[in-house]
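Okay, so chain A shows up in both of these, paired with chain B first and chain C after.
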Partner chain A sequence: MSARAPAPLLGAALAVLRKDLLAEWRTRIAVNALFLFAFAVLVLVGYAVGPTRLAPEDRPTVNAVLLWIVIFFSAMTGLARVFVKEEEGGTAAALRLAAPPAAVLLGKYLVNIVLLFAVTAFIVPLFLVLTSFEIACPALFAVLLVLGCLGLAGASTFTAALVSKAAAKGALFAVLSIPLLLPPLIAAVSGTQVAAREADFSAGVDFVRVLVAYDGVVTTAAFALFDAVWRE
Partner chain B sequence: MRLVVDGLTRSYGARRIFGPLSFEVRGGTVLGVSGSNGSGKTTLLKTLSGLIRPSAGSTKILLEGEEGAGSGPRDVPWCIGWVAPDLALYGELTAEENLDFFERVRGRASSRAKDLLAGVGLPESSYSKKSLSSLSTGQRQRVKLAYATLHDPAVLFLDEPSSNLDADGVEVVARVVASQRSRGIAIIASNDPRDLALADETLSL
Partner chain C sequence: MRAVKSLGLAAKWFLGLGMAAICWGAFLYARPAQSFVGESSRIVFFHVPQAWVATVAFFVAAWYSGMYLRRRRIEDDDAASAAARLGFLFCVLATVTGSIFARVMWNSYWNWDPRETSIVLLLLVYGAYLGLRGALEDPERRAALSAAYALVAVVTVPFLVFAVPRMYQSLHPDTVINAEGKVKMSSDIRLIFFSSMVAFMGLFYWMWNLDRRVSRIVRERTA
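And then the complex of A and B:
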């Protein structure tokens, strides 16, 4: 028996992504939780602050906050499952022995990105219609959505790994995630308010920079720390 | 190849589970680990395999042709096979999809899943288009044996391998252990005389 090199990172990560999406497609537990929560909140928001209930000058401020609240709490509802189900289902040991830790993290991060992008693609058009939320700079809005979701997915994935072995997973996930996710949420909300008011992309470029920096720091920290978190 | 254990100890707080243990297992050897319930057999196997960290001491795996200090089990997880009652595979996937997944994460392109499943007594008709969770406990134990040997591990850890298996399944375990003997080391933790009969040496805890 001779030594073998560990599997290539990207190939192993894509295998984790494929496996999780296949399992999710067959059970639809996280998808149902994410989409049902998002739909219920959208209906409530549409009813409470529909197009006629807000003064036009208040819409960018209030709607930007509400939009990101819907995205944030939808993320909190379903994204912790990527690691929690491995521990609760007893499959974590098999995965630990088979896959390089970085590939597990990258694969789970990609799963959460797919889920969050899917639910955001569901939320945003409905939200814009239900609240008559007009965006002056769609390009800035789109960039903020992508970067905001990447940040939410990255921080949620790492936090999910941290709490997956704890007894009170749900409470701990919320306690750890909320302070960790406040900086990108504030930047995303502020940037969205600018995107609703200003047609010029450069007006919101500072918020884009904050989100790029946050995503970079969170991703780097997650990969640096994950090995210790996953194996202990 | 060799597995070298030096002063290995595992404690939970002030309670010592086992150790300090020092021993060496050479390639081609099957080591049995016996002991009463709660004596630390499973904890020893998890520590040897790197799934949990020892409180003191070390385990080194020296692969064929490798000189020097050797590698800890956490440094060479692709050399380790693991079967245990609390190990689970993915219930939403079929047996074949499970094995395909574990091959892909190890960077292998060609699938040996069907051959390995046939080798543990599972013809394709018994698992095709069925999720793993819908198979019987004994069938799932056979799939676990296939999972553990999928990557030709140098060291195979078997915790109560014959549990939930019928007489034919116990023979499958014997075949898996015989095959492992030619490839490296097998360590079996059990109190079942059928499992311990496969061992060349026995360590009592």
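And then the complex of A and C:
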């Protein structure tokens, strides 16, 4: 199609990642939104639930839900920024010329993974301390967190690209992301409840399977369809 | 052209009379199934076809979304959005009838049975799709972006319909899709049930065509 040899995908994606992290480091808009929101909600949850207010038998059920709600809504405050800022700043056209679509999506996906892993690494220890949430199987818990965040980042990066072209971006981002993210969130919450109760990894392996399948399927679909969104 | 028109008229009459016959058969011909409270099993003749149409409509919307992205014909977008609107309608109907059945059968309108969960998620997907359409002004951009969203959403639907419900114990009766792949119905129920499935699909097809034609007329008038 073009005379220019296609830039190696990974190299271009890493360049997008580097550019975005640098820009983020200079403004810290997404980071501030994510961490301040997460901290505010953690304070609220910690104050309301506290280490002793829940009966010990209720803790796995309630705390697992609260933890994922904090992670999910923190993600919803900051992850749309990767594409919204390109449209608002008028830099989307230049990015369209500079890198192939798949590299843009991969780069933005990596940015959101970095952001989400960072905020999750901030949320989880504080949450465990504030609510005295004890995990019987830390390995399962860690696997669920990683897979859950990959799924969150994957689907929400794609919806971020969609809403960046629409009116009422902020409201629409959560509306579009929630239906796509409910299956992995249900699996992650249920798996976390199992991880809190049982020390045996195999007890929660079904949820891990669902998450792996979901992450693979949604990421593949997002890459297949991104072209159509990015060119609009 | 005249032959097509009279064929269409005949199909409409057939559909109308067939629906009337199914309503009669559902309440007066088929016997109530065993192990259900009172007459509550009769809801199967309406609830299951509605849920089925809601699911099929979703795949129709996805199919035409894919066709739009391939061919860039705005008529494909009409077809996709018509299917999504109708799918939303049938999804609401299936949710409400299912909830009424749950009240009769399990004494609670809503108890987050896996089937209830998955249909609520389908409702959310439809709602989000229609919300996205509402937020996009330009017809071509609206068509392309909502098509892309529909296709990503369609890959999550199998998780909602098949994976999540099977991760938990469900109270929902097995009807057509069950582990043994057998139809567990008596012959009178089976007759009405499958007639109703066909009639509901016909109803969907008819309404879908009307919606597409309306979209085309609106576009021609406003262009």
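As a convention for this text, the second predicted complex is superposed on the first by the 230 of 232 C-alpha atoms of A that agree within 3 Å, B and C clash if a C-alpha of one lies under 4 Å from a C-alpha of the other, contacts with A are read in each partner's own complex, and residues count from 1 in each chain.
Heads up, the rule we're going with is that contacts are C-beta pairs under 8 Å (C-beta built on N, C-alpha and C of every residue); 3 or more make two chains touch, one makes a residue touch a chain.
Just so we're clear, the structure is a prediction, and the values are computed from it rather than from any experiment.
In the superposition on chain A, A:12 contacts chain B only, with no contact to chain C. With both structures placed on the common chain, the touch criterion links A:93 to chain B but leaves chain C unconnected. Contacts of A:232 after superposition: both chain B and chain C are touched. Touch criterion met: A:165 reaches chain C, while chain B stays clear of it.
Contacts of A:22 after superposition on the shared chain: chain B is touched, whereas chain C is not. Of the two partner chains, chain B is the only one touched by A:103; chain C is not. Look at A:221: by the touch rule set out above, it reaches chain C but stays clear of chain B. In the superposition on chain A, A:203 makes contact with neither chain B nor chain C. By the touch criterion defined above, A:176 lies against chain C but remains apart from chain B after alignment on the C-alpha atoms of chain A. The intersection of chain A residues touching chain B with those touching chain C, taken from the two complexes, comprises 232. Residue ranges of chain A in contact with chain C, taken from their complex: 155, 158-159, 162-163, 165-168, 172, 175-176, 178-180, 182-183, 186-187, 190, 206-207, 210, 213-214, 217-218, 220-222, 224-226, 228-229, 232.
Residues 1, 27, 49, 51, 53, 63-66, 71, 74, 76-80, 82, 84, 86-93, 97, 101-102, 104-108, 131, 147, 151-152, 154, 183-184 of chain B touch chain A in their complex.
Chain A meets chain B in the complex at residues 1-8, 11-12, 14-16, 18-19, 22-23, 26-27, 89-91, 93-99, 103, 231-232.
Within the complex formed with chain A, the residues of chain C that make contact are 69, 117, 121, 124-125, 127-128, 131-132, 135-137, 140-141, 144-145, 147-149, 151-153, 155-156, 159-160, 163-164, 167.
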